[in-house]
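Structure below; questions to follow.
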Amino acid sequence: MKSRYLSLLVVVAILATVLTGCKSDTGGNEIRIGAIQDHSGATATWGVTHNNAIIQAVEDLNEQGGLLKGKKIKLIQYDFKCKVEEALTAYSRLVDQDKVVAVLGPAHSGVMMAMAPVAEDKKVPIISGAMDERSLIPGPGQVYKYHFLNQPSAYQQAEAIASYALFEMGITKVAILYNQGNPYAVSLAAPFAEYFMRHGGTVVANEPFQPGTKDFRPQLTKIKQLNPEAIHVTNYLQENALIAQQMRELGMDMRILGNNACNQPFAEVAGEAVDGTVYPITMSPNDPRAQEPFAAYKERFGEEPKGGIHNVFTGHDNLMLLADAIERAGKADPEAIRDALESSTDVDTWTCKVTIDAATHMPIGFPLTIVEIQDGEYVILDDAYLPVYE
Amino acid sequence: MYILQQFINALTTGGVYALIAVGFAIIYNILRFSNWSYGATITVSSYAGYYVASQLHFSFLPSLLVAMSTGGVLAVLIELVAFRRIRKQKGPLIYFFVTSVSVSTGVQFLVLATIGGYFYNWPQIIPGEALHIGSLTVSTMNVLMGGACLMALLVLNFVLFRTRMGMAVRAAACDLGVAALMGVNIDQVISFIFFVSGAMAGLVGTLVGIAYTTYPQLGLESMIKGFVAAIIGGLGSISGAVLGSMLLALVETAVITSPLGASATPVVTFVLLLILLFVRPTGILGKSGSEKA
Amino acid sequence: MSYYMDLATLVGIQVIAVVGVFAISGLTGLMSLGQGGFMAIGAYTAVLTNMRLGVPWPLAILLGMVAVCIVSPIVGYPSLRLRRDFFAIATFGFGEAVTALGRMFTQVTGGTMGLAGIPRFTNVWIVAFAVGATIFMTANLKNSRLGRNSLAIRSDELSAEAAGIDVFGHKMKVFVYGASLAGLAGGLQAFFIHYMDPMIFNVWTSVEQVVLVYFGGINSLTGCVVSTLLLSALPEAFRFARLWRVVIYSVFVVVILNLRPQGLLGDYELSLASIRGALSNCCRSRRKRYTESTGLE
């Protein structure tokens, strides 16, 4: 008998929380913006920093008077735990329940590829950092009208590092080691190989590894045989760091060509194994422009941005792009904001002046910084690099 | 040379798997269920060890001790909270598995909620350079793990066959009911077994944490590997767990080295697993189960 | 409103998969950790035949189920003879293999980067219909001889065999049935969330479904439906608590499994008879109080 009451209690408890979770308030004098980031999944390090940057940017903006003649921005945040389904549910909730006028999405290709078509249905624009071009362009000549990217796409970044390696560093023989289960890694590896080979280089090995792998020695030993001049890694921070350390242990001292996951705290985590790594990034920690935001972040959150300063910039700049669009739209209306976003021209953000290409919803001419890690320092080799096309 | 280096790679990976599989097999041998909360224990003890190593600047052995004790205590607690009642009510074995899975998820998210999703690199408490024998390389960590595994096996052997508690454990492994009738304090024995398994988890958490960083999914990922390895070798036997680990590592490395590449690893592993289960379901060194059909 | 419809659709899809697991694990006591693999096969077949070959989507989903019906006996044949634990392991390996194969054949499946832009055909009404049909079929299964045989096998395989039940054949039937439900759920989900990749359906999907069945009560079909509804709604309601909600969810499960092992609903089944019974009970007690208090009849 007692256990019956227990199960009844459990049911009531659950129902009560479901019902209380259902209340939705509609603010009158505020502009509601949603943010979907990864707070607890595999990319939580970056997601939390990105999210914090958004929080701080909103606070700063509200302090300066808000938008549209004094309306405050209300930020509603959700954690999608690095899972596509969670992100989709969060987006639905933001649009239908929380009634936001725009969403700041995650820098997660797989998620945005699934969300972009949903955004077409629900008609609330999303600005994200998802680098895979397929999340913006479903087919030739088409574009997802409600999704905007505010950093160079995977193609652009892969080609940037390939171009730099080939033309500035004279490297012609490369091996690639990538996480086969990570869409972001795969979306960088393929264009790199393509560009590299098209412009006369050789890719001696295109080695995948299974997600969850922590010991890369079999693949590395295989690569060592083929004697490349450099190894290109396109994975998340933890994997890149382990790869670098294991490479050095096996006596492989060739250079590492990295991706934007190699920004700070890569050198701190991986130590001297990664000296000499060259990678493309939207914002380097040594950049003079980064100093003030870094300090401001540290003061506001009591710790350094664990996900790297570039994520602070991305979070902040995405909000800036959105804020500019809202002002130009003149009203807190998703359609108007979308149109304004599409016509963004020379919008002032921390990284650079952003102009969105209406045909692709990607920024035009967004320069990348090429960084080399020397003795644990992030040295800028070129702060406005664009790939060479022949 | 190349093949030899790959062979060594396989052996060292096998050593890691063996370390994990043994702790897992301990529970399975005695209590006959797959304890998926083992992964949670690995994760928590790894964080505990990391904490004392990095914040309190403990050296290797004290950190290891802390991790192992944390693991042991946690495992005993989990048994008390989640499994004891089911055992007393003579619930079917499957309930243990389902509960252990829920415990695992709960603990993992507890870690995420309190500590966060970041991964942590241990301070340098183990000499870092690899050993070079001619043109072959072996990492110090892997040697340490292999050594730890052997030590653990020796200690376990000693405890099981030379102590009274060990005898009680073996009796309980044969038949819980009869052992109780013979005057063995079953509750105590089971707590002891969980403590040992938890201590092994602490060992795994420390070594794997140092080698591959400590992160919230550490326990889960390690455990799945150990689980598969233990099955291949035979869930009834501890040396089987070691053998299975070696085999698993060899197969994986062979597939990676081959033109198939790492993409094919799970497929090959599965096919092998199926063949093995069909031909010899108890695993290579396993003993036939006492469960009916 | 639309948010609730979306949520209801997703929960409904989950119910279909869980009912399949109910048949396999609840009734027959098999622990299949490969349901995720079947969901993936159903999903990919449905989506690929629809998008690449232009097959109309209801037929495509059916084709997905057919594909599962072909694959599951192949998986089942060697593994169903095994002991309970080993069967779980074999199905686990199968699930992992499906994921790996999906990742390998990038040309076909889109590989790791997944298939995007899947048109949305599933909506809440289709799912509601599918859920209704599934529950109806499974309830009939449970009350039929097939169902009773399952229970017998779950309790004691050896005795069931001795009593003349073809244990292996029966297990195979139930396994294929549960797997095809998983295939159905997978197809519906792919056509709903616009996206499919080999990693979505994994061992944790299967494990979660098993937990839901045990939470609801392995004897109660209503139980597993109710538990799915509750425990899927719970994380949504707790969305603001982000990570702690999963901890709370796990605590609920452990508590129920420990203190009430027969599950939330035990043996209770919602049926016309039970509803009538409940109503008459409530009326009877009311009548009793009335007669007691007034002395009238």
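Per-chain numbering from 1; labels A, B and C assigned in written order.
In the analysis below, a contact is a pair of C-beta atoms (placed from the backbone, for glycine too) under 8 Å apart; a residue touches a chain by one contact, two chains touch by 3 or more.
Everything numeric in this text was worked out from a predicted model, so none of it was measured.
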Chain contact graph: line, ring, star, complete or other? complete
Farthest chain relative to chain B (centres taken as mean CA coordinates): A
Based only on mean CA positions, could you tell me how far chain A sits from chain C in angstrom? 35
Centre distance in Å when chain B and chain C are each reduced to the mean of their C-alpha atoms: 31
Counting only residues that touch at least 2 other chains, which ones in chain C make the list? 100, 103, 242-243, 259
Name the residues of chain A that each touch 2 or more other chains. 39-40, 180, 210
Which residues does chain B have that touch at least 2 chains other than itself? 109, 112-113, 263, 265-266
Listed in rising order, chain B residues that touch chain C in their complex are 33-34, 81-82, 85-86, 89, 91, 93-95, 97-99, 101-103, 105-106, 109-110, 112-113, 224, 227-228, 231, 235, 263-267, 269-271, 273-274, 277-278, 281, 289, 291-293
Contacts from chain A onto chain C in the complex sit at residues 3-4, 6-7, 10-11, 14-15, 17-22, 39-40, 78-79, 84-85, 88-90, 92-93, 95-97, 109-110, 113-114, 116-118, 121-122, 132, 134-135, 138, 180-183, 186-187, 210-211
Applying the document's contact rule, which stretches of chain C touch chain B when the two form their complex? 29, 31, 78-79, 82-86, 88-90, 93-94, 96-97, 99-101, 103-104, 156-158, 161, 167, 203, 207, 210-211, 214, 242-244, 246-247, 249-251, 253-254, 257-259, 261
Okay, in this complex, where on chain C does chain A touch? 1-4, 6-7, 10, 100, 103, 111-114, 116-118, 120, 193-195, 197, 199-200, 226, 230-231, 233-234, 236-240, 242-243, 252, 255-256, 259-260, 262, 264-266
For chain A, which residues are in contact with chain B within the complex? 38-42, 44-45, 48, 180, 207-210, 212-215, 217-219, 221-222, 225, 237-238, 241-242, 246, 249-251, 269, 306
